[in-house]
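In what comes next, chain A is part of two complexes: it sits with chain B in the first one and with chain C in the second one.
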Partner chain A sequence: MKLELGKIHIHDVQFGEKTKIENGVLYVNAKELEAEVLKDDRLAGCHIEVARPGESVRITPVKDVIEPRLKVEGPGCVFPGIMGKVTEVGKGVTYCMDGACVVTVGKIVGFQEGVIDMSGVAADYCPFSKTQNVCVVMEPKEGLETHVYEAAGRMAGLTAATYLAKALKGMTPDETITYETKPLLEQVAQYPDLPRVGYIHMLQSQGLLHDTYYYGVDAKQIVPTIMYPTEIFDGAIVSGNCVAPCDKVTTYHHEHNPVIEDLFKKHGKTLNFVGVVLTNENVFLMDKERHSDMVAKLCEYMGLEGALLTEEGYGNPDTDLMMNCRKVTQHGTKVVIITDEFPGRDGKSYSLADLTPEADTMISCGNGNIVLHFPAMDKIIGTQEAIEMQIGGWVGCKHEDGSFDAEIQIIIASTIANGFNHLCARQY
Partner chain B sequence: MEKRYQLVTNNSKVLSEYTENTDISVDYLIAGNFLEVLIRVRDRIQSGWHLLSHPQASNLKPNQCPYKTILISQDIAAESFARDEELIELAISAYHKFTDGMVPPQWNNKANEDFKTVDLSVINSAVNSSLMHQMMLGNCK
Partner chain C sequence: MPKKVVHYINQFFAGIGGEDKADYKPEIRAGIVGPGLALKAALGNEYEVVATVICGDNYFGSNIDKGVVPELLEMIKKYQPEGFVAGPAFNAGRYGVACGTIAKAVQDELKIPAVTGMYTENPGVDMFKKDIYIIQTKDSSADMRHAMPKLAALLKKQMAGQEVLGPKEEGYIEKGIRVNYFNERRGSERAVDLLVAKIKGEPIYTDYPLPVVDKVSPAPALKDLAHARIALVTSGGIVPQGNPDHIESSSASKWGKYSIAGMDHADKKDFMTVHGGYDRAFITEDPDLCIPVDVLRDLEKKGFIGKLMDYFITTTGTGTATNSAKRFAEEFVPILKKDQVDAVLLVST
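Showing the complex of A and B:
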């Protein structure tokens, strides 16, 4: 499967009469975008705000972040099974708005989650302090049931991204990257002297605000399967919104999966990137046994010599992480785990919720318990009234001047366990 | 006849949802906290019950959510006794890691109701698992 990803660089976002891209600036007709989002009558209201890097702006509570992308050539559409038919994607040509994001903002549950600071010390912990953000601030209809509101919020973000992506039509990319993965035997034959490496990608699948979708299928309902890496660039995997923001894999992070992007950079040079094994993180223990057996079987069947392994979440998924690591290793594939840690504020407790002797090679994405002082901002998109209830906050953490103290786990994707950010740990 | 499956919980929404279920009983710790649910499950395991759901399900860590629900069975085991013991002890140790020495959070009623909704949804994902459904129908050994 071969995909050309054309990047149109965006360095500014402005409101305008027509939604378009001109000279690297995304212009947004806010009224049109609001009307598009409000076609969903589960929402009572929505308004659009913009946030740019370096501004004294805080966005909270953040639900999801999505990069607008447009299928230009080839079958299917971006976000297949949700924004269009389930037709297989990952081939042809896709354009993306590189440097611009849709951010969905609004309460889904009483305890809120997810902060993005566009400047100041907390900005360094979040990739979205560096993107031009079109914020869709939502209000649900009165009395809307929580699951229904989550779905409406999810659709609002994807609808907004799909609407904005139309501005990519007819553009000329500033940069194009070609990605190709051949069918297994051809791929192995292409680089016979390079080690066969794969990526085991665990999808969050535990229930409300813990779900992920593959071609629109709830990941709780899948059994492990193989994915061509380029499918993910066309939005085949979508986030089901967010609880516990710091290790949230947003839809943006799926579109920009760093393990897949980096494996492609090394593909044909130091390794042969053979493909992706997708699996889930169900809370039913027998599902974990069955699915970790299947992951190990697929790795063995694909003849992988090595595999990178990532998860989303803490606790329950750590058991899947260890079971996958153990069984894949025992089946003959070396495993490297990439994950974040929660060793407590003093860093002295076990970082993960489970263990296995085979988990001897791990890359850390940082400690979610570190405390930061978040400075006051000139503008809040959304509301920070519930900061003390948000994950990472505590009673008394908010100050009168609008600043607050909190653990970095309050920041969306700050310790994301697929290695997207810059936090790590070193052993001396 | 005693039911084969049980939900140990301090979540009143779980009690409401499952109180009339023909296959699953509810051990409702009316004033119990998160830790007490874990300890009750540990006691059950010691008495021969088996874990069917992960004790650390949900991304909400022990100091981030007041409710916990765990699915257990009298006679169907997913794991060995030693592994069940290990999983529940890891859960109890994680509880202490996240809460010892910390100021307990305070949530309003709306937040508490939302926590119950998420906890119920997470345990429903275990009960609604395809295999569990077949087990309750008596279609598995």
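Showing the complex of A and C:
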């Protein structure tokens, strides 16, 4: 399966009469976009705001972040099974709005929505402090049940991204990257001297605000399966969750999965990247046992010599992470884990809720419990009223001038546990 | 004005005597004594060792719960030090424990930097390495001339408010504390290279060395459930409506004890959940799903269990540091014991 990603670089976002891209500037017709989002009768209101890197702007409570992408050649559409018919994706040509994002914002669903600061110290921790953000600020209908509100918010983001992506039509990419994975036997034969490597991608599937969708299927309902890596670049996986903001794998992070990107960088050089094993993180022990067994079996079946392993969230899924690590290792595939850590504000506690001796090679994405001072901002997109209850905050953490103190786990994707960032923890 | 430092040593290093003088009572002398000479030299002109506290190792050990620490702190406080050095203790066990205890107390109570030094196998290391900087020394005092400059350098850095680097750079024993930094390369890129090295059988590396985990064995089974006093303990974040004690949604710093006296079930008008790690919709509707007061009352009525205690104990489990969880248990277990609780139903979420 071969996919060409054509990247159109965006370095600014502005409101405009017509939604279009010109000289690297994304112009957004806010009225048109609002109307598109408001076709969903679960929402009572919606307005669009823009936020650019360096501005004194805070966005919160953030639900998801999405990069607009457009299928230009090949079957299917971006976000298959959700924004269009279910058709296999991952081949042909796809254009990406590189550097621009849709950010969905609205009053809290759970406590799990986070913060994006466009400047200041917290901006160092957040990938979306560096992107041009089109914020979709939603108002749910009164009395809307939480599960329904979550679904409406998820769809609003995907709808907005699909609308903006139309502006990519007819553009000439600034940069093109081609990714290819052959059918298993051919792929193995292509680089016979290089180690066969795979990626075990654990999808969050614990419940409300803790769901992920693969071709529109709730990941709770899947059993482990094999995926061509390029499928993910076409939006085959969509986030429906906010776990803790810091290690939420946003839809953007699925589109930009760093493990897949970096495995492709070394593909044919130091390793042979043969495929992705998808699994989930269900809360029942029976599911955990069955699915970690199946993951180990699939790795063995694919003849993997090594696999990278990532989770989404912390605590309960640490168990799945360690069961996968142990069983895959015991089936003869070497494992490297990428994870973030929660050893407490003083850094003295255990970093994970579960461990196994096989987890002897772990790459850290940082300690999410570290407390940071968030300065007051000139403008708030959304509302700060729930900061004290959002994950990472506490009662009394908010100051009168609009600043607050919180653990960095309140920042969207600050310790995202797939190695997207440079943040790391070391032992002192 | 040079910055003031106080030095702690035992009876042996003070030249008072060995084992026979180990009961020597606390004393403070102005200026340097014994290894203070090496400390003074290593600190340089901008620092002054204003006093030396001396205490016999056995006296310290046998009076640790009888006020030796406050007594020493009073003596030290009078000199208004800005920094504190204990030892180094090398491989002397009782001396190491004394150095660690007093250095931690000075750091916590007087709020000034404190440093000590020990050999890795000194029992004081495991007791105090998480709390204070312990410079790694060899196993005998012959290492004094190498050790003291490291103690002095680390103390000076802290007193000047400079960033203390890692154990390798500064020479202290690894504290086991997780500290953030920005790596030059992103995590996924480092992981890919590490995996290739691991497959090839090259030396491997980990950002997170596996700790030795504190495992708790389950208590023996109850022999007589029909007379057992049962309490409910949960990490599911159930609190009275309004969350009166402000228990956090994640990374809890406290726990609560709330009444269920006279209740035949946990009603949503009385209780809510603040837990930020699961779908709260169902427990919001029926708190019995997390604290099953309804079922337990039923079992109580039928005589299947002896008594359901009139309260439950609660906190939020998600993102909560294991050391905080341990502290919570140390705080509430005595209450359960005092109330002669035979067993708890631990409900996680």
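In this section, the second predicted complex is superposed on the first by the 420 of 428 C-alpha atoms of A that agree within 3 Å, B and C clash if a C-alpha of one lies under 4 Å from a C-alpha of the other, contacts with A are read in each partner's own complex, and residues count from 1 in each chain.
Everything below uses one rule, namely that contacts are C-beta pairs under 8 Å (C-beta built on N, C-alpha and C of every residue); 3 or more make two chains touch, one makes a residue touch a chain.
The shown structure was predicted, so the numbers you read here are calculated from the model rather than taken from an experiment.
Asks: Evaluate whether chain B and chain C can sit on chain A together after superposition, giving fit or clash.
Replies: Aligned on chain A, chain B and chain C clash with each other.
Asks: For A:T146 in the superposed arrangement: first (chain B), second (chain C), both or neither?
Replies: both
Asks: Looking only at chain A, is it chain B or chain C that touches more of its residues?
Replies: Result: the larger residue contact count on chain A belongs to C.
Asks: Which partner does A:G396 contact after superposing on A: first (chain B), second (chain C), both, neither?
Replies: both
Asks: Touching A:P258, do we find chain B (first), chain C (second), both, or neither?
Replies: second
Asks: For A:N418, using the defined touch cut-off, is the partner it touches chain B, chain C, both, or neither? Pick first, second, both or neither.
Replies: So A:N418 only meets chain C here.
Asks: Could you look at A:E180 and tell me whether it touches chain B, chain C, both or neither (first, second, both, neither)?
Replies: Touch partners of A:E180: none, neither chain B nor chain C.
Asks: What is the contact status of A:K334 with respect to chain B (first) and chain C (second): first, second, both, or neither?
Replies: So A:K334 only meets chain C here.
Asks: Once the structures are superposed on A, label A:T361 by its partner contacts, choosing first (chain B), second (chain C), both or neither.
Replies: After superposing on A, A:T361 lies in contact with chain C but is clear of chain B.
Asks: Per the contact definition in the header, classify A:N282: touching chain B only (first), chain C only (second), both, or neither.
Replies: first
Asks: Examine A:E67 and indicate which partner it touches, taking first as chain B and second as chain C; both and neither are also allowed.
Replies: So A:E67 meets neither chain B nor chain C here.
Asks: Show which residues of chain A both chain B and chain C reach, each in its own complex.
Replies: Overlap of chain B and chain C footprints on chain A: residues 110-111, 146-147, 206-210, 244, 314-316, 342-344, 349-350, 389, 391, 393-396.
Asks: Would you tell me which residues of chain C are touching chain A in their complex?
Replies: Chain C reaches chain A through residues 130, 164, 166-167, 174-196, 198-200, 204-211, 213, 243, 246, 248-251, 253, 274, 276-281, 317-319, 321-324.
Asks: Please name which positions on chain B make contact with chain A in the complex.
Replies: 51-54, 56-61, 64, 71, 78-79, 87, 90-91, 93-94, 97-98, 102-103, 105-108, 110-115, 117-118, 121-126, 129-132
Asks: Of all residues in chain A, which touch chain B in the complex?
Replies: Touching chain B: residues 109-111, 146-147, 204-210, 220-221, 243-244, 247, 282-290, 313-316, 318-319, 342-344, 349-350, 353-354, 388-389, 391, 393-396 of chain A.
Asks: Which chain A residues qualify as touching chain C in the complex?
Replies: Chain A reaches chain C through residues 110-112, 124, 145-147, 195, 197, 206-210, 244, 258-259, 261-263, 265-266, 270-271, 305-308, 314-316, 334, 336, 338-339, 341-351, 355, 357, 359-370, 389-396, 407, 409, 418-428.
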